[in-house]
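Pasting the structures in now, so scroll down.
First chain A sits with chain B, and in the next complex the same chain sits with chain C.
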Partner chain A sequence: MNAPETTDKKPSPRVLVFACRWCALIGADAAGRKKTELPASFRVIPVECASMVEPDSVLRALASGADGVAVMGCHLGGCRFNDANHVAVKRMEALGDLLDTVGIGRRRLLLSFGTAHEGHEFAEVLGNFLRELGPLPELTRWRKTLLNLPAFR
Partner chain B sequence: MPGVMVFLCRCCGRIPPTVDLLALGEKIGREEGVAVVETRDTLCLPEDRAAMLRSFEESGASGILVAACSPYGKAGDVVTTLSAACDGDRSHVRLVDIREGCAWIHRGDPAGATAKAGDLIRMNLGFLRHGKRSADAVVAVRPECIVVGAGSAGMAAALSIARAGHRVHLVERGMGGGGMLKLLSHVYPTDAGAEEKLKPSLEAISAQPLIVFHAKTRVVAATGYAGDFKIRLASGTGETNLHVGAVILATGAGVWLPRGLYRYGELKEVLTLMELERRRREGRESPRRTVFIHCVGARCPERPYCATICCPSSIKNAAWIKRADPGAEVTILHRDIMMPGAILERYYRGALEAGVRFVRFAADAPPVVSGDGKVENVSVFDAINGVEREIAADQVILSTPLVANADNAKLADLFHIGIDRYGFFREDDPLHPLETRQAGVFICGSARWPVASGDAAAQGEGAAMKALAILGRERLSARSLSRLPEGKLGHARIEDGFCSGCGNCVAVCPYEACALQKVGGALVSRANKMRCRACGSCMSVCPNGTIQMPEHNARAVGAMIRRAFSPREAR
Partner chain C sequence: MLELIHSIREKSRELLAAGRVDGVLCLARDRFDVVQPRLILRAEKTGSIETSPKWNLAKLALRTLRRAGPSFRLAVACRGCDERALLELAKRNQFDPTRITLLGYTCSREQAESCLCDRPYPEKPAAGEKIEGVDPFADPRVSALLTGDEGERTARWTGLLGRCIKCYGCRNACPICVCTPCKLEDDLWVERAVVPTELIPYHLIRAFHLSDTCVACGACQDACPVGIPLLALQLVMRRRLRERYGYEAGLEADRKSPLLMDFDHASPAGFELPAWTVSSEAPHER
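Moving on, here comes the complex of A and B:
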């Protein structure tokens, strides 16, 4: 339904989704139960809370083949773990600055807090993100440098 | 047989047409660390599940991976069964959702779906290699309880716990028990005398040997966790240290004084409801003409809430004045009448029948009290009939809301619980209204939201039951404090020798479970296992990965990330 347009030449961008299991994972599940058609190029890693996602993991994902990373949690004020997702938002925004600085661009990091807890919302948020990633170039050169760093080997 | 056993579920043909299970099985079978791949029809049915368990136990494989539906579906039960077979150890069991998360959303792209299913399984195989299990923490429970505040809620809580056979420390900042009931003359909706209502409870408390009453005492320090709190009390005579298993906060609320509104403080016939209650208790008669004004200082920008108790209380007094003297003129000026429930609605009808007059005004056109030296007139624009009314009055009663105690912020800080923007204690979850974000600390009565004495007592008894669930055990495990003990990850673990004491985890922990301690001259972080709710905030800010959730550690997540996307040319 919300599948981005793709051509044969350019495959759909690859996205790694970190989904909080109290919110966005339920949205992803609902999208599945409704059989919403989505491109097969995203993978979901369930996490206990969005605050659990290390900035490092986002970089690692970009280094190991993802064109974009989505971090999805509960709406601000609705975190199961008190105010943990407020802290996560700040951290991820700071990571966005870092991505801009090193030339990857914060457009490759999607933050969704409370916007993906229904099936159609999950599909829409992800579909829009995939559409936005589509025209972006491959991260090949950057990936080569990063993958050769000792920390990522 | 070392390695992981992989089970693929056909889900009666709801997965295969999209995901090619045959090709998938072959591909997974070649993966490193996979002992055997089996495909079954319906893993959710008992026969298939039993067969799966049997072949897993016979194989002696080190781990098991089930690729089936989503954890929110039947597969969740499958995992529970498997975990039970591994002594509740989930670190060897992994569920991969290839139905909702793959087959059902990629029906237009079978090749992509099969590749994705393969990637998902490989990711989770990687996870299984590094998944660890954290041992459950168990503490001995102190079979005593502290109840702060001896009002309706606190007394009910203390009595319930004492009757169950546990010692209770009932701490009161004033002299005796009773709380706000001591200030009232009668209580709605029964119109029973407050004193008669209070007497049995006060007698029961003094007769109950298990209740230790601490009058004129305040809580000054608190440390610890569910099952084992250390609390210091201070009174005029000195300090007392308590060692209790659970905490109940029943500190009630305060009365708001409408200084400067409706000429309160200027004309002595303008009273608050509380002052009227005192006069009624003293047996003083009311003058002939009374006007009540509702929502004074409530439902306004500073306090947008309805305090729920003011409408019934003023209707109670209005009906009393009218019944005592049928010739009296009693008018209630209100914005809305809030009398929820069958009993209060009947109570309101009773006041109407007794002859109390109700006039509605709009929030932006409040009544004006006039008079020279004494109350003479109240003018109000009747919002329903659209006419200006002049009501002659001998006294004006202002119905004001309850406000949070100023102490609440300090207590919330001591016990690490939340307060809302108006200063009331915050419940952790609407489905657990007496619990706070700190396990073992419970709230009840008007300290959490304004309630009538009967409701406060009901909440007090509820909080007592919650506390008894802890006090009644000899030993308490950290996992049992979770509302979803099966699903909870263990708790944060700090590797000794690597913590640099930076304090990032202390700053970020939403439950104040992490704290810096001096060990051998250096500061290191320590995670309190009873407080930790396993959100994982700490592990994402640790600069060197010292603090980890064993069930969801960085290595396991890293293994997942590395395997998430197989190289494009292979697809």
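Moving on, here comes the complex of A and C:
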């Protein structure tokens, strides 16, 4: 009789993926159809275009419990809405500056661009991101809402 | 300093007397010896105009224009930061810029140092001489906040932002925060009636919304009752915009923000992806 195996492994990091429905979402589907192995700790929200993802949503996700956020769109130059995904790059880049300044770090934000038939790329990029997030500390200090008394100096 | 005040008073008097404007928005001393913003409508009252303390008039100018009729023309006697804030508001179609005449005056060395202002003058000053600005990043009050690794920064900023009593002073004092409805009052983004607030949504959403609009006037941090150095967050994003796109808020009236507005001219060629982006530029047949 063996005791059931226990693991003290940290649960895998939770990631919210905003995927543009013209490319990245189809890529995610393709990764699923190929039965690519991926941690099950990410959730995908389809959006019309990566540029529709406001940086506010990324912040809201981080505050609500996500360890990382991925914004995925079409290849630069392959956007259905002319150059809209360039806007996504610029905005998220600026958001990364803010995250770096306050110490959350832009490592928690993944921006990636691929096409619909690159399911393997989706799996690879997201898998790498999940592995990178693994050792990062949780954002508990940022999420704590109790009055932080020692901060009153 | 006195010359500067006299010159502004004289120019306001001329504008009102000639009927070129219907009112002058400015700081003025009233009969109780209190200096506060006032709307001066008659030329003989212009003798009470003052130029200090620092008081951002951009939002008041906007409110004045909206309350007065559409034919009301306003002169604003203000500092360089107000001029830039008004320009940003005009860019965002908040008012018709032809209705405003600016009477900008320059700031002194001490004023620039206390505001950490790198541009303590309006583009076309009506009074005063332009002087060299202060590099805010050279000041220990700012540079000390921007050091350290992620752990140190997290400890520092959660401590600073954790003092927040959610008075909305930073938003209300900001000359550019004019959205209605405001996301900070929407339960979806920031829970209302909960104090202390969640740190990420309240503070970082506010800071990010101003990333390409902030004119670094410092009104947010002056208004903060618990002394959070909010300007430091904005200064970093302003510097990055200047480095990447050569863009600075409040300077060019006909240039849209490269960050949020420019859907038309983002050429794929010559645009460099930031190093942290994982681009899937892999060969398709793999």
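One rule holds for everything that comes next: the second predicted complex is superposed on the first by the 133 of 153 C-alpha atoms of A that agree within 3 Å, B and C clash if a C-alpha of one lies under 4 Å from a C-alpha of the other, contacts with A are read in each partner's own complex, and residues count from 1 in each chain.
By our rule, a contact is a pair of C-beta atoms (placed from the backbone, for glycine too) under 8 Å apart; a residue touches a chain by one contact, two chains touch by 3 or more.
This structure is a prediction, so every number in the text was calculated from the model and none was measured.
Contacts of A:Arg60 after superposition: both chain B and chain C are touched. Look at A:Ala28: by the touch rule set out above, it reaches chain B but stays clear of chain C. Once chain A of one complex is fitted onto chain A of the other, the partner contacts of A:Leu16 are limited to chain B, with no touch recorded for chain C.
Once the two complexes are overlaid on the shared chain, A:Val87 sits against chain B and chain C alike. Within the superposed three-chain model, A:Met52 lies in touch with chain B and out of touch with chain C [touch as defined at top].
Of the two partner chains, chain B is the only one that A:Val44 touches; chain C does not reach it. In the superposition on chain A, A:Arg131 contacts neither chain B nor chain C.
In the superposed pair of complexes, A:Gly96 makes contact with chain C only, with no contact to chain B. Shared-chain residue A:Trp142: touches chain C; no touch with chain B.
Of the two partners chain B and chain C, more chain A residues are in touch with C. When both complexes are aligned on chain A by C-alpha atoms, chain A residues 55-56, 60, 82-84, 87, 91 touch chain B in the first and chain C in the second. Residue ranges of chain A in contact with chain C, taken from their complex: 55-56, 59-60, 62-63, 75-77, 82-84, 86-87, 89-91, 93-99, 101-107, 110-115, 117-118, 120-122, 125, 128-129, 137, 139, 141-148, 150-152.
The touching residues of chain A, when paired with chain B in their complex, are 3, 11, 14, 16, 21, 26, 28-29, 31-33, 35-41, 43-49, 51-57, 60-61, 64-66, 79-84, 87-88, 91. Listed in rising order, the residues of chain C touching chain A in the complex are 146, 148-163, 183, 188-189, 194, 196-201, 204-205, 207-209, 211-212, 232-233, 236-237, 240-241, 244, 258-260, 262-264, 266-268, 271, 273-274, 276-282, 284, 286. On chain B, the positions that touch chain A within their shared complex are 70-72, 97, 99-102, 104-109, 112-113, 115-116, 119-120, 123, 418, 437, 489, 508, 510-511, 533-537, 539-541, 549, 552, 554, 557-558, 560-562, 564-565, 567-568.
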